[in-house]
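Letters A, B, C and D mark the chains as written, and numbering starts fresh at 1 in each.
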Amino acid sequence: MIEIGERLLLVGENREYFVTAGEGQFSTDRGMIDLAALAGMNPGDEVRTHLGVPFTVLRPRPTDFFVHAKRSGAPMLPKDIGIVIAYTGMNRDDAVLDAGTGSGVAAIYFGKIAREVKTYEVRPEFARLAEKNIRNARLENVEVVAADMLAATGEFNVVHLDLTITPAHVEHAFSLLSPGGYLSCYTPFLEHTFVALDTAGPLFRDVHCYECIERELTRSTRGTRPSTRVAHSGYVTIARK
Amino acid sequence: MIEIGERLLLVGENREYFVTAGEGQFSTDRGMIDLAALAGMNPGDEVRTHLGVPFTVLRPRPTDFFVHAKRSGAPMLPKDIGIVIAYTGMNRDDAVLDAGTGSGVAAIYFGKIAREVKTYEVRPEFARLAEKNIRNARLENVEVVAADMLAATGEFNVVHLDLTITPAHVEHAFSLLSPGGYLSCYTPFLEHTFVALDTAGPLFRDVHCYECIERELTRSTRGTRPSTRVAHSGYVTIARK
Amino acid sequence: MIEIGERLLLVGENREYFVTAGEGQFSTDRGMIDLAALAGMNPGDEVRTHLGVPFTVLRPRPTDFFVHAKRSGAPMLPKDIGIVIAYTGMNRDDAVLDAGTGSGVAAIYFGKIAREVKTYEVRPEFARLAEKNIRNARLENVEVVAADMLAATGEFNVVHLDLTITPAHVEHAFSLLSPGGYLSCYTPFLEHTFVALDTAGPLFRDVHCYECIERELTRSTRGTRPSTRVAHSGYVTIARK
Amino acid sequence: MIEIGERLLLVGENREYFVTAGEGQFSTDRGMIDLAALAGMNPGDEVRTHLGVPFTVLRPRPTDFFVHAKRSGAPMLPKDIGIVIAYTGMNRDDAVLDAGTGSGVAAIYFGKIAREVKTYEVRPEFARLAEKNIRNARLENVEVVAADMLAATGEFNVVHLDLTITPAHVEHAFSLLSPGGYLSCYTPFLEHTFVALDTAGPLFRDVHCYECIERELTRSTRGTRPSTRVAHSGYVTIARK
């Protein structure tokens, strides 16, 4: 049952809104929605605007936070988050250290999968924004730490770095990992990728660097073809302790 | 603490073995390892061969099952499993239906993330092999069903199809999904991709088809370059109810 | 020596102009250039504006016509023109039939390489524009024909089709080719690509279809990375008689 | 009319041979072909084995030399040769300097397009093999020089470097180019690519670096998909004087 304060997705015909169950009215071009009425409903229920236009009430999934979370910069793309999850084998038994929180999108994805996530962000205003996004996702197992991950202690199954990488970061990540654990480093530029590879090389067991070129295949009445836009995002270096 | 019957990874210098804690000796070119001695140890402990060569004892992660599981055919690659997890936002609250189990590698990945997984496989001998691989992964929340997914009932947050797709499969998947849930279809060939896209188009809310071209960046004393081999694997069609 | 009426490239610091040697003044933000003074000069000579700012006078190369030719639509990209030249082995001994002239950029590239080029364009206004672009490139060996290539006769070493392809086009191309000659078909959409492949398959000896994904590697003080934009253009089907 | 000593392509059903018109017999599994009989024939004529199996006699095209030339190492792939031709706008008016001849395949392509080609190869045995391949292609306008291109003099419209690049090579190339001329550097590794880019950057007007990822689209009764093998070859840096 939906509680007051929960973030929700309202989906209607060609429209999608991200709202909070609670007080007040939410206005759309199809009429007003009473936000208080959402509390007590169940996901999948229908709510109607004062004009009678129906919307389905949904609990957001991690994909929705990628779209709707407030952003402090360009977040990692889902394809790259997926690469990190798959190549580290991230799972419900894992303690994950995430560094370079940004707006917290990766931390939300990880928090919905792993047992616990500590996410480090050196910029206090970014950490505050991420904190808010993570609370909206109702994740109790994700802790935002407004500090450099070099200060982190503890033992983790996965360490994920999305920051301006230095050898010290890679070395500290190694010391934080449990045996068999994985480091992943997300680096948009080759120069930083080389720092990750060259530092991880002598320390870790298996070191690989992947780039995932994602192409959307579009299909319309004109025909089918790969999207005319394909973005480079970054390299993902995966290393196992 | 490690129990009898548990599958384990033994990692030594340039060597890696996949064994079962229990009776008998496991012979390596560095000496014999007493498998009974593994029970009662903890992950990260060291075991030595009768020649004194040390190996670290590790609980396998999903990545290890991709490498070491017995195969009935070519499994989905981790990059594509990652794309499915990321674009469906698969998480611990999810009930997942997986169809086209194959050797069960995707089901193991999903089972380590989702609340419960039902995986359908029409070929009984494949279902049996997958069952064995899944038991080795000690997953209690994954059920192998030796049947066509067209026979499935229930409600799921994610339905993943890795089989020779027909409109009936896509339509049945739609009926099994909860509101806001995701269908993913993995199809190596364009013709099957078109079946997925064309059937999902009128039924689902958001339909996208992605191809992820993965390139490994290799770095050696000769220099750095993308791997000279890049594999096409398949298309991933993602549709939201 | 440069003649009156010749198209020329004037290259100065961060500036590049495409002009015609002849009468009048060409005005730039660095001063006026006397176009009559260009006739009689040699490529590589320097011309100065009335303010004394120097420009180098150059004869345009095919690459310049890609940039400066008047366009009737999106021309083939140089990477794809290069694929056609390389996979057909286009050379100075060749008679080339080009169909779907568009603005004539491919015909200019081909005309600067092959012995003779006939280029067919069904839309008269496109044919006229292409004619003008080709005359600007001072190519005597390129003939623009305002007709469908289905009306073409003669024998060619290479037939290149950049039009909405039908089986009849592929079949007629076959009849026009000399033994050992090559057909190339440029098709943005998969559906048209299939027409090319399926018609050429039983007729031609070697049939291959290529897609060339071009990525620019950018390097700045921030770092080195593939361009964040990569365009899909089209498929190139190559078939040998 | 075909002359004695000319290299020819004999094309039969599922068979293709590269032979020399002249003395002797060429044996195939479909019977013997009299090589003396080829002289005096015309391209497209049919020759028959002593068993009556027909073969078409063809003059080879540059594409055939890529396949049939004796190799001293891995030659540039046609896709990359095409990129060089297209981005330099190579044409019949050009003097081209090619360095790092290897087996001479690129020089043959260039020689069939440009007015004249000088190709430099420091390894004498490679130069001799390239000389032989180029003579087989009956190119009078290609000169093989067994020396480092640093020793080259003259003026060229295009300089193409396929060798272990140093700043000195790039700087010497600049001095050899006519105004508006193009340098192209083919480099398999990123480190060498950086040498090309960083040296060309301050010297040349327009500097771009491209990678062309070629994918073959395969189509069979099983279905249509990109080839499961895609090769990285190298980067092509293009700079204009």
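Note that a residue touches a chain if its C-beta (ideal position, glycine included) is under 8 Å from a C-beta of that chain, and two chains touch if they have at least 3 such contacts.
Owing to the predicted nature of the structure, the values given are computational and were not obtained by experimental measurement.
Engineer: Same or different for chain A and chain C, when you check if over half of the residue numbers at their contact belong to both copies?
Structural biologist: At the contact between chain A and chain C, which are copies of one sequence, the residues are largely the same (over half shared).
Engineer: Which chain's centre, taken as the mean of its Cα atoms, is farthest from the centre of chain B?
Structural biologist: Using the mean of the C-alpha atoms as each chain's centre, the farthest one from chain B is C.
Engineer: Approximately how many whole Å separate the CA-defined centres of chain A and chain D?
Structural biologist: Whole-Å distance between the two chain centres: 49.
Engineer: List the centre-to-centre spacing of chain B and chain D in whole Å, with centres computed as mean CA coordinates.
Structural biologist: The answer is 46 Å.
Engineer: Two or more other chains in contact with one residue: find those residues in chain A.
Structural biologist: Residues 190, 211, 213, 215, 224, 226 of chain A touch two or more partner chains.
Engineer: Should the pattern of chain-chain touching be classed as line, ring, star, complete or other?
Structural biologist: Shape = ring; chains linked end to end, path closes on itself.
Engineer: Kindly provide every pair of chains that touch.
Structural biologist: A-B, A-C, B-D, C-D
Engineer: In their complex, what parts of chain B are in touch with chain A?
Structural biologist: Residues of chain B touching chain A: 9, 11, 43-44, 56, 58-59, 61-64, 78-79, 81-93, 109, 112-113, 157, 178-180, 182, 190, 193-194, 197-198, 201, 205, 208-219, 224, 226, 235.
Engineer: Name, in rising order, each residue of chain B that touches chain D in their complex.
Structural biologist: Contact set of chain B toward chain D: 188-192, 211, 213, 215, 222-234.
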